[in-house]
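Structures incoming, each one as structure tokens.
Same chain, two partners: chain A is paired with chain B first, then with chain C.
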Partner chain A sequence: MMDFSVALLYVFSGMAVAGGLGLVLCKHPIHGAISLLFSMLSLAGIYALLDAHLIAALQVIIYAGAIMILVVYIIMLLDLGSADAQTVYRKAGLMGLPLLALLLLLLGQGMISVAGDAAAPPLAQGPVVCPPGVACETDCGDGVDQDGDNMTDCADTDCAGVAICFGTVEAVGANLLGPFVLPFEIASVLLLAGIVGAILLTGRKPGELEPSVPPPAIQPGSIADASGSSEAQDTEGAV
Partner chain B sequence: MSEALSSYLLFSCAMFAVGLVGVLLRRNLVAMLIGVELMLNAVLINLVAFARFTDGQPGIGQVFALFIIGVAAAEAAVGLSIVLAVHKARGAISVDALEELKG
Partner chain C sequence: MTALLDTLEGTLGGWGTTLLVGFVALAGLITVNAMFMVWFERKVAGWVQGRLGPMEHGPQGTLQTLLDVVKLLGKESIIPAQVDRKVFLLAPVVAFLPALAMLSLLPYDNNLTMTDVESGLLLVFAFGGVSLMGIFMGAWSSNNKFALLGGMRAVSQNIAYELPLLLSAMAVVLCAGSLNLGEIVAAQTGENGLWFIVMQPVALGIYLIAATAETNRAPFDIPEAESELVAGFHTEYTGMGFAVFFLAEYTYMFIVCGIGATLFLGGGDGPLLPGPVWFILKVYFLLFLMVMARWTYPRLRFDQLMNLAWKFLIPLSLINLLATAAVLKFVEVGS
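Right after this comes the complex of A and B.
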């Protein structure tokens, strides 16, 4: 069992790194996008190996689904296939490579010395041990709310490290909507800013109308709208 | 080497390096953005691996991973619309089209 997961780790790692190298080496952008797709799917496998099943599913849905579709749309929309077949690489970037190698040497050395050969600790199977004097959810699989905080089983953050709860939607969501609810809301504002920024950046500006469309009557608020949109673009750059 | 924490960390190191090489070497703005996505994913591997291998607050690393996925989605949307705007203004998306600030 253990050997099988180690083999899977090497297979997925190799596929992910090969996909990344494909991105760097392929001249045609759509080939790079497809190799990135391989890379993202292998990374989802690695998250599943780490028992983070929710993250693995979201990796497939968001990275391999949404973001890749966006990238492929842009490549097709701009017709990038023949754009830079001759001048794919920047020569100036080569100067950064020795620095990169040094950085990686130090980083890898530091990571090995910190992590060592620590194997994955088995996830807890039995009842949760409560800190003295504090009530907590002791049995995570019985459907009973032991500590009376209206959070049952995996939905209680006490159970986040137990094998049947680790990486499930309930356990991650209990943390996300419990202690991390403020960052969660801020992330939703960030996504809203992303939507508004994308519309502002790609939408048609006032005064940039297509000739076939008759110019609309000037509204009293249009000048204020124009100044407001440039302000919004500035803040978007800061985000 | 068995299935140890350091193998996950070294793998994420390699992914980060590949993404950084992509950003440094490619001229195509879309390819550079994809390189940034690879670097974000390397960080995500680290977070999930540490969440699995340490036993303090096991759920929190995955919450941070979710935040990274959300930020990456916003970054991809805004970055690709910047690419679109550059293409509209310059007719190309090579970084060579954007070197006014070069000294």
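Right after this comes the complex of A and C.
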């Protein structure tokens, strides 16, 4: 009998692929977006099976929750569901075929090379083996700070690969704000630039108090004289 | 009972038993909670307005909701001709299923959680976001302007109020030092444990307001404001489709109040009575506050609602979070 988690992995993988296919094949953008939602949720399931619980939760909260809602919102605001937006571009589809072939080739190559190797080593269960001459956190579950760097157990990056710490909030946080703090901050500056750009593009100009309202357009032929328009209209009505 | 559990464990294994028993228990909880809440809400409404509420069927009208359910089951499910059929039928399911996952994460007592995960609090809020997608799918597929307006309002409201909800919960997480719901309860019930309502009264206030808005309840019920939008996002739903949306709404109320009881009121902590009873009592106390708010305050306008979230609740919860972090650091350095 197949291991239950392996069976779940196949189910989630199948759902992810089906969702991806749905995104490409559905003619209506909203249907495509809903397929993408299922794909994202399946990916979260796969992360959870890989013991990356925090990443799984974040995948659901950010991608399946926030980003998908925004995607659907934008599709609706731009009214992409209308008939003229659903034109099928056959030539573009043909151009995708070589890309698809290349992707399959790469994936197949990757799978074959992985299958040739021995199974990936399981996460370490016992004490951490320190590199020679360097102090490190050896026991990740005792609540004692062995190497004296003020980081105890899972909060120490030495423990990131141990089974009880892998994928936990503490281990991910310690890595993000430890060895990877520079890329992390660069990413946040990038996001900040995006926010500032969005405000600059859509917001009011400095010194402009009210949003500028263009003067009402005059319909050609309806009113002869623009300056005395209202009176002209009144007389027309009276006549 | 024990013999039955042993037999089940023999045939299905420990994991299968947890799944089966948990599923049946949660299905029961969802149904009973919704039926009780409808009756409770009508009774409280009657009490607030100086009238009796339902009195006809059963003592104090307790059987009223049961009969309403029978009536609802007998109704025809009408699918209008112009709807997007697949999405229309899928929407109530997408709105309801996350509720089941969220209920399975709640700590009903110290060791009574169906799925005990490391970052349980985060997962609960995550599934809440998915249920919003169900509301939106229903609103869009109905092909009705009232439903669409209700759906768009629901989305902007939920995005706005998710921030103060998460930020107020994060202040508690900082105090407890964990995202695991069981450990958050344990941090409040130990030797020197204090319920976090003492340390985080501001966060509790923000949480309750944001939770009311997240569940689209009055005075924040503009997504289904009946005087302007007929019934909002579920205008076109009848029979079971409507019933599932309805069930989902009452289940989400239970869930946000369950999380509130876990974060601020010590979960199943209390003297004399067993833990689950205390938990349920605390949840229904918070639900009572939500019901009272509905019958006490008038509905907010859309711009007032957005101003409250973005200009008041989010800055306040950020300041609260910052102050909490500063005090905790100060205490840590001082000791």
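Note that the second predicted complex is superposed on the first by the 173 of 239 C-alpha atoms of A that agree within 3 Å, B and C clash if a C-alpha of one lies under 4 Å from a C-alpha of the other, contacts with A are read in each partner's own complex, and residues count from 1 in each chain.
Rule of thumb we're sticking to: a residue touches a chain if its C-beta (ideal position, glycine included) is under 8 Å from a C-beta of that chain, and two chains touch if they have at least 3 such contacts.
Predicted, not measured: the structure shown is a model, and the values here were computed from it.
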> In the superposed model on chain A, is it clash or fit for chain B and chain C?
Replying inline: fit
> Of chain B and chain C, which one touches more of chain A's residues?
Replying inline: B
> Just chain B (first), just chain C (second), both, or neither: which does A:66 touch?
Replying inline: both
> A:194 contacts which: chain B (first), chain C (second), both, neither?
Replying inline: first
> Is A:41 contacted by the first partner chain B, the second partner chain C, both or neither?
Replying inline: second
>> For A:31 in the superposed arrangement: first (chain B), second (chain C), both or neither?
In response: second
>> A:176 in the overlay: touching chain B, chain C, both, or neither? Say first, second, both or neither.
In response: first
> Taking the superposition as given, does A:58 touch the first partner, chain B, the second, chain C, both, or neither?
Replying inline: both
> Of the partners chain B and chain C, which touch A:76 in the superposed model: first, second, both, neither?
Replying inline: second
>> Once chain A of both complexes is superposed, is A:155 in touch with chain B (first), chain C (second), both, or neither?
In response: neither
>> So in the superposed three-chain picture, is A:15 touching just chain B, just chain C, both, or none of them (first/second/both/neither)?
In response: neither
> After the superposition, what is the least C-alpha distance between chain B and chain C in whole angstrom?
Replying inline: 15
> For chain A, which residues lie in the overlap of the chain B contacts and the chain C contacts?
Replying inline: 54, 58, 66, 167
>> List the residues on chain B that touch chain A in their complex, please.
In response: 1-11, 13-22, 24-28, 30-31, 33-35, 37-38, 41, 44-45, 48-49, 51-53, 55, 57-60, 62-63, 65-67, 69-78, 80-85, 87, 92-96
> Of all residues in chain A, which touch chain B in the complex?
Replying inline: 2, 5-6, 9, 13, 16-17, 20-21, 23-24, 29, 32-33, 36, 39-40, 43, 46-47, 50-52, 54-55, 58-59, 62-63, 66-67, 70-71, 74-75, 77-78, 80, 83-84, 87-90, 93-94, 96-97, 100, 104, 107-108, 111-112, 115-121, 157, 160-161, 166-167, 171-172, 174-176, 180, 183, 187, 190-191, 193-195, 197-198, 201-202, 236, 239
> Which residues, counting only chain A, touch chain C once they are in their complex?
Replying inline: 4, 28, 30-31, 34, 37, 41, 53-54, 57-58, 60-61, 64-66, 68-69, 72-73, 76, 167-169
> For chain C, which residues count as touching chain A in their complex?
Replying inline: 15, 84, 86-87, 90, 117-119, 122-123, 125-130, 132-133, 136-137, 140, 148, 152, 155, 159, 179
